[in-house]
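Below, chain A partners chain B and then partners chain C, in two separate complexes.
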Partner chain A sequence: MNIIFLTLGVSIAIAVSFLFAFIWAARNGQYDDLETPGHRMLLDDDDETEKTNKNKTEDRDS
Partner chain B sequence: MESSATWENPTTCSIQEPDGLRQARSCAHCGDALTASGTVESGGRYFCCTGCSSVYELLHNLGLDDFYKIRDAQFTGKIETPLDTDSAESYDYLNTQSFKELYTREDDPLTMNFYIEGIHCAACLWLLEKIPEFAPGVLSVSLNMSDNTASVTFDKPGHYSLFPQTVRKLGYKAHPIKIDGDESVRELKRKEGRTALIRISVAAVCAGNIMLLSAAIYAGAGGLFKDYFGLLNLVLTIPVVTYCAYPFYKSVWSSLRVKRATVDIPVVFVILTGFLLSSYSYYKGTGEVYFDSITAFVFLLLTSRYFLKIVQDRAAGTEPISRSLFSSNRVLIRDDKTREYSLMPIERLEPGQAIKLTKGGRIPVDGELLSPSSEFSLSVLTGENIPVKVLKGNLVYAGSVLESQEAVVRVKKTGKHTRIGEILDTVNRNYQSKFNFNTQSDRYATLFTLIVGVLAVVSFFVVSSLYSPGEALKRVIAFVLIACPCAFIFALPLSLGLSIKSGVKKGYLVKDTSIFDKLSNIKNVFFDKTGTLTKGAFKILKWDTDALALQDKAAVLVIERESGHPVARAVVSFLSDEQLPAPKVDEFRVIPSKGVGARVNGSSYSLLSESIDQHSDINAIISTKIVISRDGEPISEIFLGDSLKEDAKYVVDELQHRGKNVFILSGDRESSVRLTGKKLGIPEGRLFWEKTPEEKSEIINIIKETGAGHHKMQEWGQTGARSAIGGQELIKGQTGARSAIGRQELIQTPYGYSMMIGDGLNDAPALTSADAGIAIQGSVEESMKVSDAYILNNDLFSVLELINQGGSVKYTLRRNTVFSVLYNLAAGSFALLGFISPLIAAVLMPLSSLLLIGSSLYGQQNPRFKELKARL
Partner chain C sequence: MSVVKQAGAGILDRVVYDDDIVIKFLYATLFWGAAAFLVGLLAALQLAFWPANLEIDWLTFGRIRPLHTNAAIFAFGGNIIFAGIYHSTQRLLKTRNFSDMLSNIHFWGWQLIIVGALITLPLGYTMSKEYAELEWPLDIGIAVIWVVFAVNFFGTIAVRRVKHLYVAIWFYIATIITVAMLHIVNSIEIPVAFLKSYPVYAGVQDALVQWWYGHNAVAFFLTTPFLGLMYYYVPKAANRPIYSYKLSIIHFWSLVFIYIWAGPHHLLNTALPDWAQTIGMVFSLMLWAPSWGGMINGLLTLRGAWHRLRTDPIIKFLAVAVTFYGMSTFEGPLLSIKSVSSLAHYTDWIIGHVHGGTLGWNGFLTFGIIYYLVPKLWKTKIYSVKLENWHFWTGLLGILLYYISMWASGITQGLMWQAIGENGQLVYPDFIETVMRIVPLYWVRFIGGSLFLTGFLMLLYNVWMTIKLAPKRDKEDVREIAPLSADVTDIGTGHRKLEALGLVFTVLLFISVIVGSVIEILPTLSIYKYLPSSEKTEPYTPLELAGRDIYIKEGCYVCHSQMIRKLPFDVLRYGPNSTIAESMYDRPFQWGSKRTGPDLARVGGKYPDMWHLRHMINPRDITPKSIMPSYSWQAVKKIDYHILRKKFSVMKMLGVPYTEDEVVNADINAEKEAAVIYEGLLEQDPSLKSIKDTEIIALIAYLQSLGQKTTTVEEVSTSNK
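Our next item is the complex of A and B:
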């Protein structure tokens, strides 16, 4: 049953590593603005099509 | 009567509709409904104004048409028409040294922060962050949509003006944000928020693991497992009771120093006794261990406090009011030696300096006019749009807008010492005290804490004398865990926060949540007139132009172009779409306080104002009638004035039907106010006219006091007199005596809260004096600082909805309170009698919280007045 202590150690290590990841993210300000990134993420796809569109128009222009 | 068609739709008088217009009924940029008179056609598309068309063109040329695609997908509301896209405003001043010092950090001179006006959806975000792609000099733009600020980096210090200029072309407006004070406060808040999150995360990790380990112990793990798991629990609890629980210790410590009870006292009691008792039990190897209960408790509590804080922060705006009033941050200052003007930041203005203003500029100071005579609009102070003439040497007040071409003013008072500055200062103080006002529920919570504390101590002694101290402690911990009012505290901000959110959907922003407590008990409702009950625009209401010959129209147009009077402006803009010849004007003369006359094409024309016989149209508030005569023969009549909003009558009727007293407080003339009152069916005694902002506030205060049962006849007389003095300054006096008409009415007003609905700035003192201040127009940022709620859609109907929501919030809160009290009484007494162990208590507590949250969420589902809306 000693394996339980190992799994316990591993699980706590994982928990702590996630905790540190979270603390790092929070300190970096990733939770300061919860609104904008959500919108920004949605825009990325359009971004690509927009660029190709833009290239197309530029081609046409030239 | 003779021209009912023109009357109903004055804008379609004699212009041909362009063909494509029938398909395109709304503006291609902002989606506004198009009117025949203002429509601009460009490249086969139709726009409501040149602003919209130039933004559209710019976006199209830059290949940014996707803006519309994204906007249509993301945003269902209406975007605002672009803010002065073609104004000649230059931002070059930002590049000078004195501005650079104010707006950038010394260690990071390439970053400047801007507040962006006009942001509404993801399309704006997309567009603004694209700026670096087409504006050389701007390296990056990072927009924060939750507070509408953008952090912008530039390639070198002299390029700051590039960003605001580009933004303006796109139809938004960027205001640079000063680096000092506000910025560091914001930074501090941000850090606080981050720390709170980290505390929650630590508590969550520890509590989660402790629960797992405890489950094993409860399931019967014994021997070595029990020992080690217990040890691990103890180790995991330490960061929770030290680091995570630190805010509670701090709050108890500071409240003890001022000798006040706080809800944190039982919290700290539970955490500390629970931890010490459990550690002792673990050490001894016998007795109860509560590590799981304590950590879960701390985690839940921290989470609820975090939400509470978010709600509160949203309520308290941190920006100083005056900054947003003077959105312009610089002014032309005259150097007295060289007599040359240079741009300086407003903050550096000092009394004695001379400043120059151009048309449309807002004066940042109280000062003496040095120019011969100029026209100023005092709308900030009086709410009325008609400009007032100021003569050389007279005082002009900060906030007034220059209507003449140019004026030079000698600075007398600046900043806080100006008249508007003082008003805003009072507003700030009122607001502070209002914000600190404990809502009913807060007071219950404090009372609750005290009762719990006393009960806990008493029962500890009773139980320990009957059984043993150990048993007593166990029961008391269970009792405090169960009875902790945190469920209650959690539910309160939640239901208020949800109400705020749903308010936004319905078209109003609520700042001060204590307004919900009062809304259901409103007795007196005060309306501002201009811009609140009426549309606030002085324009032509009726003019039968079809009956006029073309040459007469042309003559009227050229004559009125000579005059700068508001009437003339209205006439000129009314005729501006017609293709009219421009004959020469001879012998132009102004007939003082009557009108103008001139000779055109050999005929003598005169445009004179005459007394008004009131028109019967339901919404028109005619204030001026102009008779046009040719060679002494009257040929046409123009009616000018304001008109009531479409829903004004309905809303006033509904309010009166519900037994509320409706008043009008206006800065306008007696005749207009009387007429408005008559059309809306408001009794004579409840109309107040020619009132300054200060007087409006006093009237509300007096009605509040008399309404509360103190008959202060004498004091009323005094304040009336005082008001008259205040009135003298701005408009002609005679106010005090007339206000007395309202006296009889006031004394009889029964007790109840008062609500003021008005314009954000010029009604600021009145809005803060009233128990519930609601702003209905003006810039959102300005109004939110002085009012409890702001109506976004300029729709009076939202006032009714707001009152209804107040009722439903109050109902939800009451239901939560009743549930809380019953639950606490029952569970608390069971705990004290020893039927509930601390573990069950720790489970019951979050369960009751969940129930209350559910109840709060359910509270949002209450009927939304659909039926009434349908009747409109």
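Our next item is the complex of A and C:
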């Protein structure tokens, strides 16, 4: 069962890398604003063409 | 690079997103999806009606079941993940993908690997480790292509024009890092031939690494990337922001920290030490909370848009997908409880559980995304909303028939296996009784699968017509986007690219450091130490090893376990529970995960050689209602004696105590062993002359060795001074 050290080691390494990623994200200001990112992703230039018809997605079935 | 600095305007970059790569991956998703579902349907049919394999070796269940799982997960699932990631990442980060060349290497490399799987798996080239069946050249290919994908993705992050990384991006990052690690660690193997290798891990160690990988393949290939896609496409399709961005962050980090520990729940009640089982069970239960965080977040995003469930099939597909995610992630922790597992493990309940997740969550989310993406990419409307609706209802009915029939089948058979009468004997001692009871449900499952495939064909037709009627795509669709900061305007050309390489370099360095240290510490770790001194195990003889590799080639492990659990009804039916000493030389381990047929851990010595011969050539000669395929070709194909020397030398290198003499004479010894079995059979039936040196002889030698290699020796008395 010494293989547990291998899986444990790799799992911990992955966890630690996530921990560093989290610390980086928090320090980088990634989580300073937890409101607007959810909204901002909706404002996509892909929908630029649709701005003339805002309800397009609403009534795509009609 | 098509990103150019606009000299006149000064502050805006002109960006063209690479949608060609998205479309390529989309087409691949559609093509391989059809293939994966079709092969799955054939496999389902074979369980209800075994002659559907047409008695062709490469069409038998043991060969095509791995083909189905690999195609569904890595070809259908993989390609939609890549399509979605390349599409959403460019838009979330407001930049074109880092490198078109890497995108294309990624695409063609991945398709090449799939074609490699399509050829090698039916031919029986397999590692027999679930969802990691591919042999070593393809394993290397996967690692290389995955690194290409990683470089491209992290490069894109580095040249982004939005500082904030939206939560979907985080899910993609977790996917890329973890899948790389899992794949590499689980695939460390020593080649014997071009398409044959042995894993460095043996027995319980191989089992633990495999299910550490196997469970996380579900977690980081079928869950995190799809959650990332959910966080992009559900808000987009509903045109509503995600219900709670804060919740998405919390559940992301808790999910990635907990998931990696849940693997041992695939090995409950087995010979794996109890403490490892308990860890797996506890972490699996903990997973319920973050999983439902994702489900709640996805579903509540539709608040205020529920009325569109009535009219918009895209919303229907997405809402049902998230609902299935919630069901699967509730059922998973439930099944991870030891007592529930004792009923459900090895039965069709697990198959139902998996398909609830794959057909419902992955499948329906994919269909929702495709119906959203196709009109967007071609700037048109879908050909027929009505047909989308038909697809939805046909597919949903298919999933429900599949899920419910497998629940019924799994619980029925599980209860029959467990049933012990008042006299302390099994109520259904004949395994075949428990099979006959569930065959009608296999037909129901087949109907369910057919409906799901029918729905998918409607999608193909709908997409085909939409594209056909769409205006020609504008490949130079320029967008003007503000750069990340005013002082860095030379995006994509100068030092931003170098910075990008810095990030890529850091990530690659992390992966290589871990892989390097793993390979370095591996030799000491893979040696068996955790064994009671009272048990002594003999390694396989050359002929037994040859037979074992035939057992693996035919995919016997797909339907037969070799693990008698520490449960009374398992012990009553199959004999004393399996110990870890018994599989200490097993590379790869063959504990199995499903009992479509009985456990074989102690089948050795139970029946005469002639029984096995007749049973393999036509199982119905022995058990009239058997659903096992006939393996008549095994009495024709010759044993490859020559390769045994090489196989023995690799085994010796991996720590199996073969002497130099045994390695050098492996082929000669095998021929001698085969002659003894052959002559024994010939004595009973002189018409069997043609089976001399055929695979069936080696397979019989292996089957007769199962459960016979370990002996308990008297402990040396410590009081004897």
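Note that the second predicted complex is superposed on the first by the 45 of 62 C-alpha atoms of A that agree within 3 Å, B and C clash if a C-alpha of one lies under 4 Å from a C-alpha of the other, contacts with A are read in each partner's own complex, and residues count from 1 in each chain.
One rule holds for everything that comes next: a residue touches a chain if its C-beta (ideal position, glycine included) is under 8 Å from a C-beta of that chain, and two chains touch if they have at least 3 such contacts.
Here the structure is a predicted model, which is why all the values come from computation and not from measurement.
**Student:** So, does A:Phe22 touch the first partner chain B, the second partner chain C, both, or neither?
**Tutor:** The answer is both, since A:Phe22 touches chain B and chain C.
**Student:** Applying the document's definition of touch, where does A:Thr7 land relative to chain B and chain C: first, second, both, or neither?
**Tutor:** Once the two structures are laid over each other on A, A:Thr7 reaches chain C alone.
**Student:** What is the shared patch of chain A, the residues that chain B and chain C both contact?
**Tutor:** 1, 4-5, 11, 15, 18, 22, 29, 31, 33-35, 39-40, 42, 46, 49, 57-58
**Student:** Enumerate the contact residues on chain A facing chain B in the complex.
**Tutor:** The contact residues of chain A facing chain B are 1, 4-5, 8, 11-12, 15-16, 18-19, 22-23, 26-27, 29, 31-36, 39-40, 42-43, 46-47, 49-50, 53-54, 57-58.
**Student:** Considering only the defined contacts, which chain A positions touch chain C in the complex?
**Tutor:** Contact set of chain A toward chain C: 1-7, 9-11, 13-15, 17-18, 21-22, 25, 29-31, 33-35, 37-42, 44-46, 48-49, 57-58, 60-61.
**Student:** If you look only at chain B, which of its residues touch chain A in the complex?
**Tutor:** Going by the criterion above, the answer is residues 63-66, 69-70, 74, 121-122, 125-126, 129, 143-146, 190, 193-194, 197-198, 201-202, 205, 208-209, 225, 228, 232.
**Student:** Give every residue of chain C touching chain A within the complex, in rising order.
**Tutor:** Residue list for chain C touching chain A: 91-92, 163-167, 170, 173-174, 177-178, 181, 185, 201, 204-205, 208-209, 212, 232, 235-237, 239-242, 244-246, 248-249, 253, 256-257, 260-261, 263, 273, 276, 308, 311-313, 376, 379, 381-382, 385, 479, 481, 510, 514, 517-518, 521-522, 524-527, 529-530, 580.
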